[in-house]
Amino acid sequence: MLIKITRDMITAEPVIKSLVIKEHGAVTTFMGTVRLHNEGRTVDYLDYEAYPEMAEEQMRAIAEEVKKKPQVEDVSIVHRIGKLKVGETSLIVAVASKHRREGFDACLYAVERIKELVPIWKKEVWNEGAEWVRSKGA
Amino acid sequence: MKVHARYFALYRERVGKNTDDYELPEKATVGDLVGAVMKRYPAFCPNPSQTVVAVNRVYVDHAHPLKNGDETAFIPPVSGGA
Amino acid sequence: MLIKITRDMITAEPVIKSLVIKEHGAVTTFMGTVRLHNEGRTVDYLDYEAYPEMAEEQMRAIAEEVKKKPQVEDVSIVHRIGKLKVGETSLIVAVASKHRREGFDACLYAVERIKELVPIWKKEVWNEGAEWVRSKGA
Amino acid sequence: MKVHARYFALYRERVGKNTDDYELPEKATVGDLVGAVMKRYPAFCPNPSQTVVAVNRVYVDHAHPLKNGDETAFIPPVSGGA
């Protein structure tokens, strides 16, 4: 289980490698990347801010909750903060499970819990302004 | 008693600073703290009874009793993830 | 779109990097790894055999089919064959989509189509014998 | 006409080779080819009418007409993926 908030670029491989696996079977990974368009605006960049200590605690609590689901072996969550350009990755969630369907369900559930609970905020900056984004929820 | 307050994102921009300290009467609750914040910064939040607050990094409701030295945080709607 | 059958070790990063993305949003990745236990037996290794030309054509057809789904931007599929030890990765499917739910659905669907259609066979080798595995289907 | 046959996995092990050629009458179908294989290798398949066959890398049914030079393949139940 790797839980991390970082200002550096993030890639899938170290997150997948961090999973502690006894039984193997399936690894499901989700990566959220910055979109060029949002609600009709062309995004220049996003600026992510966190309450880092609490965000890490919440991420860990979500990972522990998801890890208790049937078939799930381990969960890792890494979130990048700071300025992110279009196409860069803000979030990586990796789930090891014994079978694939439970892995997909667990990974999607983890992403939805993160968007709901973790104190991280993104400000969308485009050429004519900037705005804190309100999550549309899970 | 004295509690420490942290502001993030939208709230941080509205108050123009990251942190504050508040002197509150004994047995004050989170609701009382929200009242004190609104008094200091009237434009802080249009819906103070809905403001989400964490105490010592845990989400709590407005009836939650505060104690001296607590770290409180004002949490605008989150938007992490993708 | 990367479609490949290989005897070499496979990792997620090059498969994810192969995705051609215009709109970004989400990348969902599935990795199938060799399990230590299967139906009560302790697996020594698996030996994957393919009808390589047809398997690649089928994988490409599945990727093209999945790419046509709403919100899906691109799909890559890589399958390893030959002898694989416990914990090694046999299959990687990566899907780029505009939103996460469609990405998860498309990735899971692609894996199920692969297991149903692609002419690849695995032989399970354990200490007392060996057997061609019959897929339990999608 | 002559068609080329490829055997994989379980079928390959049962016949002890990777490939064969079959000489078939004009207008022969995949079903006729399956019959010829069963004649050459009686233990090939317990359920010949269910045998999955590809012609030139495409799955076909047993009524599919063969032509000279076709590459046929006998496809035991697949088990790729995870």
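We just call them A, B, C and D in the order they show up, numbering each chain from 1.
In the analysis below, a residue touches a chain if its C-beta (ideal position, glycine included) is under 8 Å from a C-beta of that chain, and two chains touch if they have at least 3 such contacts.
Every value quoted in this text rests on a predicted model; they were computed, and no experiment measured them.
Asks: If you average the CA atoms of subunit A and of subunit D, how many Å lie between those two points?
Replies: 49
Asks: Nearest whole angstrom, what separates the Cα centre of subunit B from the Cα centre of subunit D?
Replies: Measuring from centre to centre gives 74 Å for this pair.
Asks: Using mean CA coordinates as chain centres, what's the gap between subunit C and subunit D in Å?
Replies: Going by mean C-alpha positions, subunit C sits 26 Å from subunit D.
Asks: If a residue has to touch 2 or more other chains to count, which residues of subunit A qualify?
Replies: 25-26, 32-33, 100, 111
Asks: Please output the residue numbers of subunit D that touch at least 2 other chains, ranges allowed.
Replies: 82
Asks: If each chain is a dot and touching chains are joined, what shape do you get: line, ring, star, complete or other?
Replies: Its topology fits none of the listed shapes; call it other.
Asks: Of all possible chain pairs, which ones touch?
Replies: A-B, A-C, A-D, B-C, C-D
Asks: Would you mind writing out the residues of subunit A in touch with subunit C in their complex?
Replies: Those in contact with subunit C are residues 11-13, 16, 21-37, 86-87, 89, 98, 100-101, 103-104, 107-108, 111.
Asks: Write out the stretch or stretches of subunit D touching subunit C in their complex.
Replies: The touching residues are 6, 8-10, 12, 54, 57, 59, 73, 75-82.
Asks: Under the definition above, what is the set of subunit C residues touching subunit D in their complex?
Replies: Touching subunit D from subunit C are residues 32-33, 48-51, 53-55, 57, 79, 90-91, 111, 114-123, 132-135.
Asks: Contact residues on subunit A for subunit D in the complex?
Replies: 25-26, 100
Asks: Looking at the complex, which residues from subunit B come into contact with subunit C?
Replies: Contacts found on subunit B: 82.
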